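You will see chain A twice below: alongside chain B first, and alongside chain C after that.
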Partner chain A sequence: MKSLLTTLALTTALTLPGLAQARPVTLTTTLSGYGGDGAYLVLYVTDARGAYAGTLWMAGDKSKYYQSLGDWYRATGGNPAQINGITGASVGAGQSLKITLDLADALFDAGYVLHIDAAVEEMRDSPNEIALPLTSAGAGKPVRGRRYIANFRYDM
Partner chain B sequence: MKKTLTALAILAAIPAGMALADDDCKVPLDEWQPKEAVSRLAAENGWTLRKVKVDDGCYEVKAQTREGRRIEAKINPKTLQVIEIDDEDDDDAGRGKRDPAPVGSVAPPANGLFGTGAPPKIQVN
Partner chain C sequence: MIRALHRWPGLLALVLVTILALSGAALSVFPAAERLAAPQAGAGISVAELAARVQEAYPGVEQIRRAPSGRITAYWFDADTPGSAVIDPATGRGVASADPYPVQRWLTNLHRSLFLGDAGRMTMAMAAAVMLVLSVSGVLLVARRMGGWRRWFARLRGPWPGRIHTEIARVAVIGLALSSATALWMAASTFDLLPDGPAAPALPTEVSGQSGAALATMAPLAATPVAELRELSFPYPDDATDVFTLKTDRGTGYLDQGTGKLLAWAEPTGWQRVSEIALMLHTGQGAAALGLVLGVMALGVPVMGATGVILWLAGRRARPRIRGNHPAKRAATILLVGSEAGSTWGFAATLHGALTAAGQSVHVAPMSGFDPGRYPLAERFIILAATWGEGQAPATAKGFLDRLAALTSVPDAPLAVLGFGDRSFPAYCAFADEVARLAAAKGWARLLPIDTVDRQSPQDFARWGRALGEALAIELALAHQPMAPPTKALTLISRRDYGAEVQAPTAILRFALPEISLWQRLTGRGFARFRAGDLLGILPEGSDLPRLYSLASERRDGFVEIVVRKLPGGLCSGQLLALEPGQKVRAFVRRNPGFHPAPGAAPLILIGAGTGIGPLAGIIRGNRKRRPVHLFFGMRHPDSDFLYGEDLPGWRADGRLARVTTAVSRGAKPDYVQDALRAEGAEIARLIRGGARIMVCGGREMAAGVAEALADFLAPAGLTPITLKARGRYAEDIY
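So, the complex of A and B:
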C-alpha cells in the first residue's frame, strides 16, 4: 500500500506540473430525498489517463465507512493524508452541499474528470455516481446522479 | 456500512439470557416494551444512553460504555434481547487507520488541485 501511495504521489507530481494559476469554482451537489441517513460523498479527480489525481472534498468524517466509497478507496487505500483538511460532515437527504474552492486552471479542458462516490448506511453503495469531464463548456450545466444525487453542477 | 463489533468484553457485560439472534425484529406494536425498559437495560449494562430510536422494527440505541467506547446496539423491543452491537469508534484505529483531520484544522493536501492552497468553503442548505 505504501508503494501505491508513493506511486500516486509521484504520478500526481508528474502529471500536474505548474498548476499555479487558479480560478474560483463552486461545486454544488444536491441530494435526492432517498429517505435514509446522511450520505458520505467524496469528490475526486482523475487525469486524462484515468489515473487518480487527488481529492477535492470528503463529506463524512468516519474512516471506517470509507471502504463503501469503492472507487475512491481502491485508488487511495483510504489514506487520510488524501483528505486531511478537506473533510466535513455527511450530507442529509434532500440537502445541497456547496463547495467553493480555487481550482487549478490546468484541470479544465485537459481530460480531467470529476468523480463522486456516494454511500449511505444500510443502503446500497454508489461508486462513481457522477463522472463529469472538467471543461469550460460544461460549467453551469447540471447532470443527474444515479442513486442518491439528484443533480451536480460546477460554476466558475 | 456497518461493521459488527466483535469485542467480547462488551458482549460479556450483557446479562445472562441474552444472545445473538436474527437481525430484524418482527414484534407487534402492542407487545413492545416502553423506552423506559430500554433505559433500564442500558443502565444494567453500564451504558450511558445518547439516543434511542426505532429502526427495522427494533430499538436502536446509541450509547457509551463504561470504558468510554461509543456503541450502537439493536435491541428486540419485546424481549430486550441485544441482537447486534456496532462499535461507532473507528474499528480501523487499531490497525493504523485514523479519521482524517477536519477542514480548517490543517492545510489541504498538496495534490496540485487547490490552486492557492486555500481550504474549500462549505455551505449546506
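So, the complex of A and C:
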C-alpha cells in the first residue's frame, strides 16, 4: 500500500482556472494481478477540448520507458518539466497507489477528464487505461481500467 | 598493482559476479529458443500485408510488435476485453500466448537487480564493472604470464589451479569483457546518464480528418518489409485526429489514418543506435548464436572464481605475517622482497625472525616500495627476489629496476642480493641477476656476492645465511621449511660403500618402499609415484631442515635409493652414512619434473660426476625400452669410488646402456668428465644434431665445465646449451 500526501505546485494549466479555491483529493489506483513486473502509470488531465492540461503523478522513475505511456508521451514529448517533483516508484501487480493532492475546484464539473496511461515491461502498452471525467458526483465511485487497473477512484 | 586490481575486486565481488554469470548464462538460452519457436515471416511480406491479415483476424487490433527474434505479437480489444497472441505472419492468426515466461522474468530481475529495485540495479552494475576490471587486469596478467601477446595460447605450466584459471580466462575473457561493457552501457542508459532518449517526431498538427484507409493501400506500410518492423500502433477507433505510429529499424513515423500518407518521420540518433547494439550484444536478442556463445563463456566464471580463491589461499598460506616489523625509518637492515606467488615472503619471514633474534632491527617491505629517502638509519640492504615467467620482475618488485636506474646516487649502505628460482627454467634467477648487475653498474657497494636458492632449497638458503652471518659478524642459522610435507619412516635394507680411500666416503643407500595408503595410490601422491631424478627429502635427527637428495630409483623398482657422500661436519650425511640395515629415517618425496628424461626414443647423453651418478643410474635401470644411452661418469679412482661399477656391465649386456665413458681425476693423468666429453666431441655433436637429449647431474663446477665444452663443439652446428635448454633437450640437476 503506497500512501502519499503531496501538496503540489501544479502546472499553470491546472492552477490557473482555480484562482481562488483548492481542496485535497485522494486518488487511489489498485492494480490487478496481471502477472508481470511493476507497472508504469501516469495520471494526467485534459481539458474540455481534449487538450493536455497537466500531469498529476508519474509512477515510474526511468525516463527511457516513458515512451511506452503513449498518449501522455505524445502530448508532452516526455518533457521532464511536466513531472518534476511528482514522480514515484512503479506499482507492482496487485498493489495500490494512493496519492493525495490539492486540486483546484475549477477542475471539477468543467469538462476536465482524468487519464491514466499504463505500461508493463514485456507486456502490452495500455495508453488511456482509464479516462474519467472529473465531476463532484463522480467522487467515491470506483471504475475499472482496460487492462491493468482493477479499480480507480477519487475522493474529495 | 595489476595483481591487486585483479585479486581484491574479484574476491569482494565473487558472489555477485557468480550470480551475474550464472543467471546470464541461463538467460542466454531464451533468445535462441524464441528464435526457433517463433513462426518467421516470409522474405517478401510487407508490414501492410501483415497488418491487413492481423486486422482481418482481430478487427480490434491496437498494436503489432516484432521482436528481434522475428516473433510477432498482436494486441487487440474485443468488446472491451484485451487480448494478445503470438501471430503466425502467414495467416495473421494467433498461435501461442504472448505472456512473458515467468522463469525468464524471474531470471531477468535477479540478473539486473537482485529483486532490489534501483539499489539492486546499482549493485549489479557495480558487479559488471568489477567483471570488466577483472577482464582487463586478467588480460594483462595472462599476457605477462605467457611472456607476451604473441604467446597468448602457448602451453601453460605450473600447478593446476593457475592452469585451469588461465586456460578458461584466455578464451572466455573476450565474451566477459563484451558482456560487462555492454551491461555498463545499458545501466548508464537506464539511469539516464546517456543522451540516448528516443527520438520521436513531433506529433503532426494537421491530419486529413478522414479515417478508414485500407491498410493494404498505405504506401509507407507497403514499402516496409516485416523484417524491419518493430511496432505498429493503430489509431483510437473513434478519434479521427489520431494517427498510425510506425517504428522500424530505420526510425519512427506517423501515418494519416485517412490517406495513409507519412505525416512525420524521425531517425534514431547515433546514441540510440549504439544503445540498441549494446542491448543486442548483451542479451542476444537479434543475435541468438552470439548470445549462446556468451552464455557458455559466462559459465567459466564460477570455475575461475573457485580456482582464483584457491590461488589466493595458496599464496596467503605461503606468505606469513611478519611479526615485529620495524618501521622503515628506524631499521638498520632493510629487507626488500620481490615475490610473485608469495613463497619468497616465507623466506623473508625466516630471515627477519633470525636477524631480529640476533638483535638486529629489520624492516621488511616489497621491492616495489623501494625509496632510498625513507631509510635514514639503514646500514645494509638485502634483496630477496624471485623471477616471473621469462625473466620479468615478480609482482611485488614492479618498477624497482626503473626506480633504481633513475637514482642519481645509490644508498651508502651495502647491498646483498639473493635470487630464488628453478634451475629447470632457462631464465633461472634472471631478475635477481639483473638487479645485482644494475646495482653494481650504479656503484652500489656489495655486502655479499649474488647467490641463488634453487626450488626453495632450505640448504641453499641456510648456506647463504651462514655467509650473511659472517659478513655481519653474527651467528645466523636460517632454518626455513617452505611447507612441511608429511614424512614416512624409511627402513634401510642395504648399503654399498665407496670412496673411503680417496677421502670421499660415499654410500649407495637402498630403503624399503614404505606402506602406501589407498588414497595416495589413487592420487599418485607421496611414495605412490616417483621417478629417478625426483628428490627425496630427509629430516635428520635434531633439525627441522630437510635435506634433498636425488632419487636413484623409481617406484617400479620397488625400493627407494639415494647416493650420499659424507660432508665434513654434515649433520644429515653423517647420520645417513652411520645408518645400518634395519634402521629408519624420516623422509618425503618432492617432484622434480625438470629432471626427467623426456619421453621418446631419442638417444640420451647422461653426464655426471661423483654422487651425481645417482639419478642417472636410476634412469638407466629404468630404461626398459632400450633407448640408446651414453653415460659419461667422472670419479676419483676406479678402485675406490666407481659408484654402480658393479651394475654397469649388466646394464650394458642387456641393452639398457649403450656406452660408458669414464674419467678419472686422480692418477698419472688427471682427467675430468668434461675432458672425456671433448675427446668424443664429434660423436656427441652428431648425436645432438640427431635429436639426442642431455642430462647433467653433479656439482656446479662440473656442470659449468660441461656446458662450456658442449658450447665449444656445438657452435659449428649453430646450437648452444641455452637453446637446447629452452627446447627442453638439456636438463641439469646441480648442487
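Note that in this section the second predicted complex is superposed on the first by the 136 of 156 C-alpha atoms of A that agree within 3 Å, B and C clash if a C-alpha of one lies under 4 Å from a C-alpha of the other, contacts with A are read in each partner's own complex, and residues count from 1 in each chain.
Simple rule for what comes next: a residue touches a chain if its C-beta (ideal position, glycine included) is under 8 Å from a C-beta of that chain, and two chains touch if they have at least 3 such contacts.
Note that the coordinates shown come from a computational prediction; the quantities given were computed from them, not determined experimentally.
Look at A:Lys62 in the shared chain and tell me whether it touches chain B only, chain C only, both, or neither; answer first, second, both or neither.
Both chain B and chain C are touched by A:Lys62.
Of the two partner chains, chain B (first) and chain C (second), which one does A:Arg147 touch, if any: first, second, both, or neither?
A:Arg147 sits against chain C, while chain B stays out of touch.
First (chain B), second (chain C), both or neither: which does A:Glu122 touch?
So A:Glu122 meets both chain B and chain C here.
Under the stated touch criterion, name the partner, chain B or chain C, that contacts more residues in chain A.
Touched residues of chain A are more numerous for B.
Tell me which partner A:Asn84 touches in the superposition: chain B (first), chain C (second), both or neither.
first
For A:Val113 in the superposed arrangement: first (chain B), second (chain C), both or neither?
After superposing on A, A:Val113 lies clear of both chain B and chain C.
Tell me the contact category for A:Ala53 with respect to chain B and chain C: first, second, both or neither.
Touch status of A:Ala53: first partner only.
When the two structures are overlaid on chain A, which partner does A:Gln95 contact: first (chain B), second (chain C), both, or neither?
Once the two structures are laid over each other on A, A:Gln95 reaches chain B alone.
State whether A:Arg23 touches chain B only (first), chain C only (second), both chains, or neither.
first
Contact-wise, after the overlay, does A:Asp105 reach chain B, chain C, both or neither (first, second, both, neither)?
first
Taking the two structures together, which residues of chain A meet both chain B and chain C?
The overlap between the chain B and chain C interfaces on chain A comprises residues 61-64, 78, 89, 122.
With touch defined as at the start, can you tell me which chain A residues reach chain B in the complex?
Touching chain B from chain A are residues 12-13, 16, 19-23, 40, 45, 53-58, 61-65, 68, 78, 80-89, 91-92, 95-105, 107, 119-122.
State the interface residues of chain C toward chain A in the complex, per the touch definition above.
Listed in rising order, the residues are 62-63, 75, 77, 80, 82, 84, 98-100, 102, 105, 109, 117-118, 189-192, 196-198, 200, 202-203, 233, 236, 245.
For chain A, which residues are in contact with chain C within the complex?
Checking each residue of chain A against chain C gives 35-37, 61-64, 67, 70, 73-74, 77-78, 89, 122-126, 128, 146-147.
Which part of chain B faces chain A closely enough to touch in the complex?
1-3, 88, 90-92, 97-109, 111-116, 118-125
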